[in-house]
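Shared chain: chain A. Partners: chain B in the first complex, chain C in the second.
Moving on, here comes the complex of A and B:
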């Protein structure tokens, strides 16, 4: 059993507030990812869970026990650092065993434990080396080994993959996920990489300026982002935002979507699913959030879609999909179409917009009004 | 890459003149520095008759180490005629502990100031830096009184205390600036592994500190060994360090000025710092710049 419960936590460095009234629960065996841009306070939050930073205000409980003033070494937590923080003067074996050594575990037991972990991570042939003689990926494994060898209740990861090249990052990501499934330990993972967050997490907590914006499963975060920040942060390419008026035409609520066809402005009416929240905002300014895959080619589309035709300014082939840059309400927006059905550059093309999936945000508060 | 031969100034007369100028300058500087050392060395190997007869710059006729022997073990300093040897030993007994203790304390305080950023760490560091700028002369009187209160006036122990305290400012500065470039995450990782302040210091920081320890040892040894004012002020007679004894040896002329003995004594007194520089000198420069580059 290992749960983390954070209540009304605040932290400031000098006059700068780093964390503002954070409340968060991590369930036993859960993989929680703290996602956010640099400086949002996610690493500070992780350090606080580890006990490396003192808390100004609030409470943090591990397994229901308040640990505000418990020293890191007594929290039964292990942490993997971004720079790996391997001890340069020690061999890999001693690096991994150091935590056990500090806990006065006998030499024979240490050796056995190190060997077991090293075998699991496939680094047993590196045990006699110093960190300087290892590649980035190998250092990363040693850092993982150092955390694993103590068999702690909770693992903390502070951007552990950000110093690896893209291919290795993908491999290690898979390994961490396998590790989590086999250990069933509680893990908190900090990253600024939304793909890492989406692929690894049971739940994601998105942070901005020391405030948690949303906590939810990757799917919830993706399809029902709580506000425009979350919507724009998750997903690549990011969600398109179109500022438009919410109107009613022939008893159907919807929006007027200005596009450009053959160089001339052309407005399309986009019907939206009626809801109380939308009706209350009739004739006000809203922001429509459209993910690139919601704007796609017209073939094989469902009847729930609206169709528009407009000029394509730019094509960005990515292999699996081709991104078309079109202009909606005066701003560039990206549509994701099949490379087989994409038009040529400078031509115009018909797109279908899946109106059941769109997100509607309040133009002032930037918060989600409704999504389907 | 650009061809170095086509770069401006790489060829031709100007380049040659530039080189000549630099070499001449370097040669002149070398002569200027090495000339006096040559005179001291050659004089120490001559006997008195040769010194009186010959020119200053002549090489000695034969290698005559009598003056060295006399300076080491039988030259008269004041009324004692035992040479520099007892005072040389005084200096060794004085410098070894002061260098070791001040380096260790500097390492500890530098570590605390850089990696355990407690409240007020920067103010304390700034105050410690003041120690580097306090001239010796200012503290002589209060220091003498303090040593008197402590009952260690006129003793080597007293000098050890003075040099240790004086050195801490410098060693702290060295170690603090070195440790600032050590990633904070290393300390955090060790904390998570269950190591405390001293165990992190002992198991992780000290093994990383070899270059800066060399710097600190050379610096402190040179300072302590060559120091004259404290030695002259706080000790007398048998407790004096070699620098003071050298001064007394040269000043206590009985009949004839024995230049060869004086020169030999000066070289004996200077030898240890020279040896330390020759052995560890290249680490010195490397260590001074080590903080700037990450491994």
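Moving on, here comes the complex of A and C:
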């Protein structure tokens, strides 16, 4: 059993506010990812959970117990650092066993525990080496082993994969996920990589400038982003934004989407699903959020979706899909089409827009008005 | 018509370009070969002759070394070097290291303190020696001050004590060098990954344990550098002794460098002086050569 509960937490360095009134709950056995750009305060929040940074305001509870002033070593927390933070003068074996040594566990027990963890992480052949003799991926595993061996209540990860190359990162991501499923431990994971966040998390908390923007499952975050920041941060390539007026035509609420066909501007009417929130905003400025996969080739799509035809400026093949850069309301937008159906750059092509999935944001507050 | 000529000019320039590094490096290289290694060889040669006031070529083998090792004055100087060298290195490293660890705690006014500790290194040994001579003089310095304060029986007369005078040299030298060693350690401590300290905290290690178990052992190269620098400083120590005790009382606090100077330039015993100089060179080499060897070997492997 291990839950984390943070209430109205604030933290500042000098006159800079790093964290502003953070409240967050992590359930037992949950994998929570703190996602945000660098400098958003996510690492500071993690250090606070670990007890490595003092708190100015607010409360932090582990299993319901206030731990504001509890020393890190008494919190039963293990942490994996971005730099791995291995002890350079000790062998891998002592690195892993150090936490147990400090907790006065007998030598024989230590040896057994280290061996078990090392076998699990496939590093038993490295036990006699020093960190300087290891590759980045091996160091990463040792750092994981050092966290695992103590069997703590809570695991904290501070961008543990960001120093690895892309292939290794993918492998380690899978291993961390398997690890979480087998240990069923509470884990908090900090990253700036939205793919890591989407693939690993039970829930994601997106942070910006010391404020949590949204907490939700990866699917919620993806399909119902609370605001434009979240919408733009999650998803690759990012969501396309089009600033337009919300209008009504023939009793159907919708927007006029300005596109370009054969070099000339052309407006298409895009009907939106009627809702109370939208009706209340009739004739106001809104921002329409379209994920690239919502704009796609017309073949095989339902007849209910709206169709537009416009010039393709550029093609970005990614293998499975090809991204077509088109121009909507004066700004480049990306459409995701099948490579077989993509036309050449400079030609015009018909796209279908799945209006049932779009997100509508307020033009001033940038907050989500409605999504389907 | 001008083409072949131009090509020829170019090729002269090109050749010059190719040899430019050698041309630039050659003069200092030759100067070093002549004035350092040449004179080492010359001194080595002189030490094998019976030169007195002027160099002679009267070759007499290791006679000067035999004389040297039989002299009480030389044995006192060499014994002093062992005492001075070991205590100087030990205390300078210990004190420097402790100061660095204390300064590493991100305290306020760190910049000012660092300058204060480092400042002695900027003072010449003559000034250090003279100042400490006054401070430790029984009738001027600490002893008389404490007695004036009312502690009549207070005694601190090492500087005029035949058995203790060399320890006075140690005190002054340590005072001068600890700040430098501190700077050396502090810069190394600053490169230690802060996450390592955090990880150790989470692992449950105390701050003392973190320093002694993790950080200081990982600073081994710095210990080695400090040792080598201090070792050769101690072997060539000369001016501090001159200013502080002038080798006295008697010759009880002389170091080999003082012995060499005395013999070569004041007593017309050039051969003997050269022999003592060669002995010092051998001592330095005994420390530096293994160090260089381990450094170069590490580089080749890395």
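Basically, the second predicted complex is superposed on the first by the 372 of 372 C-alpha atoms of A that agree within 3 Å, B and C clash if a C-alpha of one lies under 4 Å from a C-alpha of the other, contacts with A are read in each partner's own complex, and residues count from 1 in each chain.
Simple rule for what comes next: a contact is a pair of C-beta atoms (placed from the backbone, for glycine too) under 8 Å apart; a residue touches a chain by one contact, two chains touch by 3 or more.
All values derive from a computational prediction rather than experimental measurement.
In the three-chain model built by superposing on chain A, chain B clashes with chain C.
When the two complexes are overlaid on their common chain A, residue A:88 makes contact with chain B and with chain C alike. Of the two partner chains, neither chain B nor chain C is touched by A:39.
Of the two partner chains, neither chain B nor chain C is touched by A:29.
In the superposition on chain A, A:58 makes contact with neither chain B nor chain C. Contacts of A:238 after superposition on the shared chain: neither chain B nor chain C is touched. On chain A, the patch touched by chain B and the patch touched by chain C overlap at residues 47, 50, 52, 72-73, 77-79, 81-83, 85-89, 98-99, 102-103, 146.
By the touch rule above, chain C contacts chain A in their complex via residues 193, 195-196, 198-205, 209, 213-214, 217-218, 220. Put simply, chain B touches chain A in their complex at residues 183, 185-186, 188-195, 199, 203-204, 207-208, 295. The touching residues of chain A, when paired with chain C in their complex, are 47, 50, 52, 71-73, 77-79, 81-90, 98-99, 102-103, 146, 150.
Listing the residues of chain A that touch chain B in their complex gives 47, 50, 52, 72-73, 77-79, 81-83, 85-89, 98-99, 102-103, 132, 146.
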